[in-house]
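Going by the order they are written in, the chains are A, B, C and D; count residues from 1 in each one.
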Amino acid sequence: MAGSTFGKILKVTTWGESHGPAIGVVLDGFPAGMELSEEDIQIYLDRRKPGTSSVTTQRKESDTVQILSGVFEGKTTGTPISMMIRNEDHHSADYSEIMNCYRPGHADYTYDQKYGFRDYRGGGRSSARETACRVAAGAVAAKLLKVMGIDLCFYTAAIGDVVIDRSRFDRALIGNHPTNMPDAVAAEEALALIEEMRQAQDSVGGMVEGRIRGVPAGIGDPVFDRLDATLAQALMSVNAVKEVGIGDGLFSSLRSGSHNNDAFYTDEDGIIRKRTNHAGGILGGISDGSDIVVSAYFKPTPSIAQAQETVETDGTPKALFIHGRHDPVVVPRAVVVCECMCALTILDAMLANMSAKAENVLRFYQH
Amino acid sequence: MAGSTFGKILKVTTWGESHGPAIGVVLDGFPAGMELSEEDIQIYLDRRKPGTSSVTTQRKESDTVQILSGVFEGKTTGTPISMMIRNEDHHSADYSEIMNCYRPGHADYTYDQKYGFRDYRGGGRSSARETACRVAAGAVAAKLLKVMGIDLCFYTAAIGDVVIDRSRFDRALIGNHPTNMPDAVAAEEALALIEEMRQAQDSVGGMVEGRIRGVPAGIGDPVFDRLDATLAQALMSVNAVKEVGIGDGLFSSLRSGSHNNDAFYTDEDGIIRKRTNHAGGILGGISDGSDIVVSAYFKPTPSIAQAQETVETDGTPKALFIHGRHDPVVVPRAVVVCECMCALTILDAMLANMSAKAENVLRFYQH
Amino acid sequence: MAGSTFGKILKVTTWGESHGPAIGVVLDGFPAGMELSEEDIQIYLDRRKPGTSSVTTQRKESDTVQILSGVFEGKTTGTPISMMIRNEDHHSADYSEIMNCYRPGHADYTYDQKYGFRDYRGGGRSSARETACRVAAGAVAAKLLKVMGIDLCFYTAAIGDVVIDRSRFDRALIGNHPTNMPDAVAAEEALALIEEMRQAQDSVGGMVEGRIRGVPAGIGDPVFDRLDATLAQALMSVNAVKEVGIGDGLFSSLRSGSHNNDAFYTDEDGIIRKRTNHAGGILGGISDGSDIVVSAYFKPTPSIAQAQETVETDGTPKALFIHGRHDPVVVPRAVVVCECMCALTILDAMLANMSAKAENVLRFYQH
Amino acid sequence: MAGSTFGKILKVTTWGESHGPAIGVVLDGFPAGMELSEEDIQIYLDRRKPGTSSVTTQRKESDTVQILSGVFEGKTTGTPISMMIRNEDHHSADYSEIMNCYRPGHADYTYDQKYGFRDYRGGGRSSARETACRVAAGAVAAKLLKVMGIDLCFYTAAIGDVVIDRSRFDRALIGNHPTNMPDAVAAEEALALIEEMRQAQDSVGGMVEGRIRGVPAGIGDPVFDRLDATLAQALMSVNAVKEVGIGDGLFSSLRSGSHNNDAFYTDEDGIIRKRTNHAGGILGGISDGSDIVVSAYFKPTPSIAQAQETVETDGTPKALFIHGRHDPVVVPRAVVVCECMCALTILDAMLANMSAKAENVLRFYQH
């Protein structure tokens, strides 16, 4: 069954394998008339690109996006925005080592079981390369959110057990330090841990955190399409994510109600606010006007260079050595992926919300 | 926008407010020909019912389900199964205390912001009473899963900071101890904590864990509709859930790849298995044949009897005292809700999977 | 697979069999704050009710609707509106004649083939009784459309080969003449034809036409969700409909382009209009501001009292006599069903359209 | 809102404007393991291509399809099949004549009203060029249907008032005569009519008919997703279609029930059949095993070379002359488009049907 489409009013459909001729995305339902250029999108894609630092793989991917439809004379037309990224060196690789066996921690075995065979070239459809398409679509959504005054601040909050100290929060480090950690001390510690892992031919996981400021109260739908539920789907669908939290997440489960409830008060401008934000900006599945706070925990990269026990597709035991260079950690590159998935989710919910009140529907159609 | 429908092939639509005449659910897309009676469903609803123990509220809800359609001569017909539960004492309550103010931790404020007004009777649509409808639908799905040999084992794994010791796992306690904790020692400890909270006019959260055994490898769809992503949506959509994990969840983020990867091997029967199950039975969003393991963290019940700071709907400060009896913890009652949401998610994915291979489509239409 | 849900933002889900305890509908995604009472809906249901005239069946159905959720203090809440209609005399009928055979022109055979058995009581789910639920939902949509100044005028345009003469159009006859034909001469002629058919133990078909005035230009989405395509689905999904036209429909296929194109001009108020409306108010799948004109052709009622050749479920030949009273024509009662399906389709498209322009999204979120 | 996606299990998403760099389609949910090459698709695209005959436009479009994903080692992978067609001469055209005015019968005005501006290059998204993408996707579906023994026979049944005589039906003419009419006499008559229209700088419409043989009984879902309703949406969504019929369509509305009902009988092989097929193979929205018969009526091409009254975008009156060569009739080229839309619809319904019976679900998961 189809599973490559996300969203209700704003629909994202990604396609492509890591080693086919190209990957791409179709963004349908985006409002007409917003200025959009390939540069707007390229900036986001570049944030996902493997860097030159020791943190990420050295694979050469220029990831140049091309807009094929949905933009005319520099503005979105309201019809599908099709974006494509060519896979540059997709013929060169040697997959003889992995084509007949199942890499632990990867989707090789499960795709084989589902489909009867698989595209073994670098994971095919299950490769994290697919997330570049989400970034391209998310960049478009993020641009409109930005015009509406909504600020998405996403960063690496943990690498392994190195967690940022929020009292040292320095936003300038995001995008400028290879870890994308907004805490200079933790960032250096994390870098050392990553280097240690690399030398041990091992890998490490971590956590991405996001704070979305400026979303008005009232966004999200009741019951199954609650904003927290759709954010959870959005983030859990990112490769390697194993846990997703909203607000204080599991820490809320450790507190008493009197300490976890966020008290309401009225500020000097007569605006109703909350004293605290344990809820992470969502109550009953609907935004409350506070920062929306999300966290996504990533497992360590499954591709490691040391010997691993596995089997061939016929069941024969095999000691697997995965060659080539792989990221010892995916978390820093995944920051922009999480940000983009949340941008798409939030914008979709905001578009959906426009018809929540009959009076707004009537007002809309009266002018 | 509509948000009360869940699922793709198997669609669940719930309706109803906590204090309207009734609540209900329509389950569409369920296969024809399975025997189904109201008793099958009532068993599940009774597991959610507030008990007589000190753990749960004393509110009298008989929650008797009535099947209104979709079953003929004792079997499902393939057409929508409509189930209704009357709200028995929906006229009696007094809401003068809360109708004009926003209860902290509840959806009062956000519904008001979204819709311009709200049904203030016990939370209306945002009440956890809605989850009874999910249980009714989930009971139907669970019955078919059971025939297929799939076992869903859900339980309370933590109340506050009292966590079960899995080495003392005793399944018989689930459903028989008021906490639904499968560890006799932790269960008693948790009971004491709950009692302490009640006396302090406070509340506490916890964690529900689930293990789903017998799901074949290959279930789930790539990219956005990954099995872990839809399970995350399903669980996060349950009232009070703030974090959802798959397999080892966040603990995976603390390990190295060499310790987190699950090695494959071939057992004596020639079946490919995994040495460990850190992944929780899902790789690349698709089931791998191991137990599917999920966890859902709940915040403490927001309704507490002690004084809370809040505001009236016009912004006037108010000290709120919530009267009536409320559960000091929702986790034990939420076990069956989580189980039912997962049953619906898994069955939907299994139905969707039937057309994954062309050879299966051809075989199906050849006889 | 589920098939009982219609709409994108405004979702209608119907349930129920003709002879179960009740039928019903859940309308989700309807904007909050519109006044709504059971009387608003009952008026529409009464238009569908079998009358006392010779045109329709004498079956006693009071079809009293009950709102179970989604309305609070007389206004829609934005959450699912659940409506139920009890089946009053659902135990009394005798189905021994039809339970083991396939009625020609009915869905008996196809449901049996699909599901392995069927609810043989009066057609079960395939009964036109299900359309009462669409009328209940459509009445809600129609009320909001009316406030927006949109007028839906639906009527019988043909019974068999008796077609109305549009130069004699008399709207007052709709709802007041048993045929619902807005032409006094044709209406009487049609009545005679129906009586003739009744006496011959036969039945006759016809055509429902609808004109929807006041829909602004710009409603509908490109490509697959074109307004004409969704109207076609909506109307073709009504029992007994075999053909659906938009505007001049098939007559357009008989004209040359120079006679079929609707010329644009600017009227004295500076508004761009069309000289003619062959297109029926839709160009490229999007409304053009002219009247939206639809037509739906109905086959004759398949239930006729004369002997019919058929087979039993095991293939044994059988001469079938269908007892009981049946409508010799369904068209007059189907008028309100078509009207309601179009109301739901148009309102859904109008809600969807609110986010078509980025400038409207920005304006919405600036106040 | 998004409108460029069609289907439930098998999802088709098209993108692209007539004069952008490319158009394309993503087909998601297609079963894995079917052999597929670009040649399979090109054959269908070539059937849609403007020919060298006098019937169609002389525009040079090679319409070469490229598969970008979803096929590996010659077989479908189960993941999205992305196909792209480059627009070859998209820079050359001169649109100064139409960019500031509304062509009668086109979507210029309605897109402008909806989106605030439009891509005026050849209709942009509203161009019939988009249907090439539907053909590419439909070719893939048709291939699997063919393996299942399902035969789709689509042809031109009428051009203007020249209708085929079914007693002279000659399938060999389809694809070989420029009209695609399977009746040699009518085909020549139609050709003469088309030539007459061309010389008069005018255009003409017509009707496409399709017969789908071999669909087993039981396909389609009840109520809104009836097979006839989805076929109606599918066909009405094709550019220029104004009316859609199933089986005898409107002719059924002119008959009495005793003449329109299809009697059931058991043939010599013990198979239940119908004596006639007025229903067009669908009863109650579900296939009955007979040929599925559909008809789609097309309006005449709106682009005609003679002077037309219209207005500029600011309302100024204008006499429009559309230059360039345009098809005086679109019907022959639309045959394959209708066929492909039906192939997609039927296959989607067949995939959905696999889970209709619980016994089939159980059987599927037992081996």
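Throughout what follows, a contact is a pair of C-beta atoms (placed from the backbone, for glycine too) under 8 Å apart; a residue touches a chain by one contact, two chains touch by 3 or more.
No experiment lies behind these values; they were computed from the predicted model shown.
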Q) Hey, which chain ends up farthest from chain A, C-alpha centres compared? A) C
(Q) When contacts are scored as defined above, which chain pair ends up with more C-beta pairs, A-D or B-D? (A) A-D
Q: List the centre-to-centre spacing of chain C and chain D in whole Å, with centres computed as mean CA coordinates.
A: 26
Q | Averaged-CA centre spacing for the pair chain D and chain B, given as whole angstrom | A | 44
Q) Just how far, in Å, is the C-alpha centre of chain D from the one of chain A? A) 38
Q) Multi-chain contacts in chain D: which residues touch at least two other chains? A) 1-5, 8-9, 14, 29, 32-33, 78-79, 114-116, 125, 216, 222, 351-352, 355-357, 359
Q) What residues of chain B sit close enough to touch chain C in their complex? A) 1-5, 7, 9-11, 13-17, 20-24, 26, 28-29, 32-33, 66, 68-70, 72-73, 75, 77-82, 84, 114-119, 121, 124-125, 351
Q. Which bits of chain C are touching chain A when the two form their complex?
A. 8-9, 29, 31-34, 76, 78-79, 144, 147-148, 216, 222, 350-352, 354-362, 364-365
Q) What does chain A use to touch chain B in their complex? A) 1-6, 8-9, 12, 14, 102, 104-107, 109-111, 113-116, 125-126, 130, 158, 160-161, 197, 200, 202-207, 216-226, 228-237, 239, 241-250, 252-258, 260-266, 270, 272, 275, 278-280, 282-289, 295, 297-304, 306, 308-311, 315-317, 352-353, 355-357, 359
